[in-house]
Amino acid sequence: MRRQLPILIVFVSGIFMIIQYFIPHESFEFIYEYAMDWIIIIGIFAMLLGLWSLTRASVSKVQTKAPGWGYSVMTLAGLVAMIFLGVYKGNQSIAEGTSFMDIFWNIYTPIQATMFALLAFYIASAAYRAFRARTVMSTILLVTALVIMLRLIPLGPLSGINQTLASWILTVPNMAAKRAIWIGIGLGATATCLKIIFGIERAYMGKD
Amino acid sequence: METIGIWIAALLTLGIFSFLYKDNPFYKFCESLFVGVSAGYWFVTTFWQVFMPKLADNLVAGRFYYIIGAIFGVMMLLRLIPKIGWISRWSLALVVGTTAGLYFTRYLVSNGMVQVQYTIISLYVKGNLSQTIGNLVIVIGTFSGLIYFFFSKEHKGAFGGLAKLGIWFLMLSFGASFGYTVMSRMSLLIGRMDFLLGTWLGLIR
Amino acid sequence: MRKKNLKIFLILTFFCFLILPLSQILAQVDTLPPATPTEVRAGDTPNDNGHSITVTWKLSADDGAGRKDVVAYEILRSESPAGEFVVRGMVPAGNNTYQDRGAKEKEDKNYFPPHHDFYYKVRAKTLKSYSESEVAGPATAYGQWFHIGKLPVFVGTLAFTIMVLTFIGLARKGKELYVRPLAGIDAVDDAIGRATEMGRPILYILGLGTAADIATIASLTILNRIAKKTAEHKTKIIVPCMDPIVMSVAQETVKAGYLDAGRPDMYQEENIFYITSMQFAYVAAVNGIMLREKTATNFYLGKFYAESLILAETGSVAGSIQISGTDEIAQIPFFVAATDFTLIGEELYAASAYLGREPLLLGALKAQDLAKAIVMISLALGAFAASFHLDFFLRLFSVQM
Amino acid sequence: MKFLEKLLAVDRRIIFLFIAIAVALPLFFVVKLHIEVTPVVRNLHNALEALPPGSKVLVSLDYDPGSMPELQPMAESFFRYCFNRDLKVIIMGLWPNGPIQANVALEVVLKEPEIMKKNLKYGIDYVNLGYTAGNEVVIERMGSDIPVTFPKDYSGNKTEDLPLMKGVMNFNNIDFVYNLSAGYPGTVEWVLFAVDPYKVKLGAGNTAVQAPQIYPYLNSGQLVGLLGGMKGGAEFEIATGYPAKAVRYMFSQSVAHAVICLFILLGNFAYFATRKKKGS
């Protein structure tokens, strides 16, 4: 019951999903649509697990006065404020112009955009460290990256040649390598799916 | 009000940027606030935009099939009760099984068959040397790239040579993607700088 | 001067008289109905759920040819040949097929009843006039039980499943299966050993995927193996998650790893926790964990998006050894550049088999290799054949949706 | 030589500083950077030039604030171009944030002196139909009936009552479609559900990350032209003769790219110089 039934559920639902791909008939389409909605609904319930984990961890830090507990207070404050502002006026709470959206625009959005913008710095430092002509491999990496980056720098008469070379690299050899990776991923992922469906890969189920 | 909003946004922006120098209380403050606000935002928007239309509205409309989803959802929550926590595996099994089946055909088609189909191209294009070379490179690159991903044979001899060619192709592709992405990442920083220097301080424009 | 004006006046009047009838003729041409569309056929749409009928016709002689004034076709439907025809849809000139589709839910106002006779007409339209074809039908919509266009996928599915099961069967019988060494895998043991020596924790990031992502499941299997090793080494492992279900599964997986190592007492659930489901807030918090916990080894295995480089660079600032792997093709370059070892695409899926050394999992890997060999041979032969305009191999892989 | 070794292990914060300066400093200058207009952008501009004044252009903004730096300048330059050419603009969004982004862009463009002179009126010269949920299905429904798909505009006016929307039934009454896209739903859906079935003329602007996936549609002619990332945006501004934000930003881009390239070259120089020394 504890281990066999879940494996059976995995097998039946997995095989059903494979079969339904080949059957256009509406009876299968209906079950497929319900199954997809159930998955979404399970995800919504699981949200509470997440909130529970976050809240418990933060509260226990505050209670035990663990180092940095003050920051946990901030997290809890942000969480509670958002949930309160987001529900107290019913579904109008998240309309444009509410305090909920004010926080979204003036706190959430700028922090998110700035976190994202950190990448501009990191891409530069990663390039500096990684792009050294130590081996043939790293030289290829370095040279192609340079060629592609140079297309944004005015080089006078060289610009035209560089432009052509850059677009050739992007559309030809780049495409070939991506295809190889894609096909490999396809095989790896399909094999993993089969291992899951046939109950060979079951580490994710845990043990008793 | 708008000015206060801009000031808050600008200070938080600086707080996140300060992490580039080193971890500091200012960053920790922004980080913890961000975590709380984002978790709340995510919960609230999922509630109104997914839970209500997908479950509540359907149940109200009398589509009781959706109860099954809700039952599985509640089972998931039983994890919080250690004694019967194992029941949550049933919902997990449904999620994993369904998506494994769904992704099986999806990966097989779009990562396997479609890619192979695109790669079966003529090696000789009459009167078009550059396309002939291009097609040849694509076929050789894909072929040698796949050799690299072969697990059953050690990379030695001619086979190893092909595998090496394959990894060269991979590196070329990685370099190209890296170089190409620099522009969009710089765009993000330009956006923030424009906000700080223009919208906030009014120094530019 | 006056004479000249008179002359102009006369000429103008003359032209006016000339233009008047001409414009009348032109207007008539404009309202003249176009040639009717012919050979109208209506029939069940193949490979569908049974709520659509496909109508085809031969273009009006005035569409693209003749007077060239047809602008569109309207498709009309009725329940009896003499009954009232209702417009179902319109396509621009030059098109000769229309799929009359509807919803499958009975309560939908756009419901399309299956097993029901319908009659169709096609109306060719000019800007000011139209003409209608003869009635076609009856046509009935019904659902199919197999999608013919997906036959190649079906064959592929069967073949690959048989291959995987055969190799797993061979492995079960105890056949030795060789796999070549993989650099990233060998590094795992060293990385765990290093953390133990330094007395610092290991950080394991499952990525942004949900429990529904195959890469995440592959990563969870790897986590199980690594948790077993950390339990043996008595090293702390931290797993911050961004999906609640993934968090629950990760807790089970790590617990199982500790059980396998015979150290269930050492398992601490609070080290596998949820942060938030929003990408960059999650990253902000993980950044903090790396620097504050001073993790010796960071694993990034699973689905990763733009945050890959933020994580990898922060980890590098902290001086951690980093092992990464993803099937998200756009992020592989950043992991390759910024981490010490990267499992590229398929290697991520292979890693669980490598780490566990379980014969059953290795069997699946062999099946992957066989499939790869078949793909490579088809690719080489196919490209060769395509050079001589033979498309046999192409058809082997072509899927109609 | 000490210096070279130091350079090899340079503190990344020095690189960060250079990047920050390289991006920020050029924003203060207006430099006439030579930007060549590539054929894909030229084609888009030519297709737009061929539209007679008064033509109706549908603009779909399918992105959110995350892609603002790349796509917002494109939105502004496109509106500016349309207003200057007296084209009528119909705005919509497949992403909830799209119509808001449009209003932000309109606010900028409508304040410009040359546009102010035209005395443009909402409802006559431009409308914002807002957002409708349903992704590609929205496009499909617009193919048969636009007023039914968007019964009300962004501010709640009845679509039928807007003078500009008089006679706009479906794609047959739209002369050009322009789409700014940051992913799904976006340009791909517009090609599949508007271009293929209804033969509309479509031009697009995409984020740099997204653009390579769109290229195949250019080669097949399903897409008239494409602006890829900030560079594409700048090229469009040059082509239309109104260099604006994207062109200004491109100066930052060039300097930042140059700084990264220089650092890479410097790093390699230091690497080889120190290695030679160690070897001897």
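Letters are used for the chains, namely A, B, C and D, taken in the order the chains are written, and counting of residues starts over at 1 for each.
Here, contacts are C-beta pairs under 8 Å (C-beta built on N, C-alpha and C of every residue); 3 or more make two chains touch, one makes a residue touch a chain.
This is a predicted model, so every value here is computed, not measured.
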From chain A, the most remote chain by mean C-alpha position = D
Among the chain pairs here, which one is joined by the most contacts?
-> A-B
So, in whole Å, the Cα centroid of chain A is separated from that of chain D by 25
Distance in whole angstrom between the CA centres of chain A and chain C is 16
Would you please write down the residue numbers of chain B that are in contact with two or more other chains?
-> 16, 19-20, 28, 30-31, 34-35, 37-39, 41-42, 76, 79, 92, 95-96, 98-100, 103-105, 107-108, 112, 116, 119, 139, 142-143, 146, 149, 170-171, 173-175, 177-178, 180-183, 186, 188-189, 191
Chain A residues touching 2+ other chains are 18, 21, 39, 42-43, 46-50, 54, 68, 109, 111-113, 115-116, 118-121, 123, 125, 127, 129, 131, 141-142, 145-146, 149, 152, 170-171, 178, 181-185, 187, 189-190, 192-194, 196, 204-206
Counting only residues that touch at least 2 other chains, which ones in chain D make the list?
-> 12, 16, 19-20, 23, 68, 209, 212, 231, 253, 256-257, 260
Residue ranges of chain D in contact with chain C within the complex | 12, 144, 170, 172, 197-199, 209
Would you pull the chain C residues touching chain B in the complex into a rising list?
-> 152-153, 156-157, 160, 178-182, 211-214, 217, 245, 248-249, 275-278, 280-282, 284-285, 287-288, 291-292, 330, 332-334, 336-337, 344-347, 350, 365-366, 368-369, 372-373, 375-376, 378-380, 382-384, 386-387, 389, 393-394, 397-399
Residues of chain B touching chain A in the complex | 5-6, 8-10, 12-13, 15-17, 19-20, 28-48, 50-52, 54-55, 58, 65-66, 68-70, 72-74, 76-77, 79-80, 86, 89-105, 107-108, 110-112, 115-116, 118-119, 134, 137-146, 148-149, 166-183, 185-186, 188-189, 191-192, 195
Touching residues on chain D, where the partner in the complex is chain A | 10, 12, 15-16, 18-20, 23, 33-34, 36, 38, 65-66, 68, 100, 212, 215, 231, 250, 253-254, 256-261, 263-264, 267-268, 271-272
Spell out the residues on chain C that touch chain A in their complex, using ranges where they run on.
-> 47-51, 104, 114, 143-147, 150, 153-154, 157, 160-161, 164-165, 168, 210-212, 214-215, 217-218, 220-221, 223-225, 243-245, 247-249, 251-253, 255-256, 259-260, 270, 273-278, 280-281, 283-284, 292, 306, 309-310, 312-313, 316, 327, 329, 332, 334, 336-338, 344-346, 348-350, 352, 360-361, 364-365, 367-368, 371-372, 375
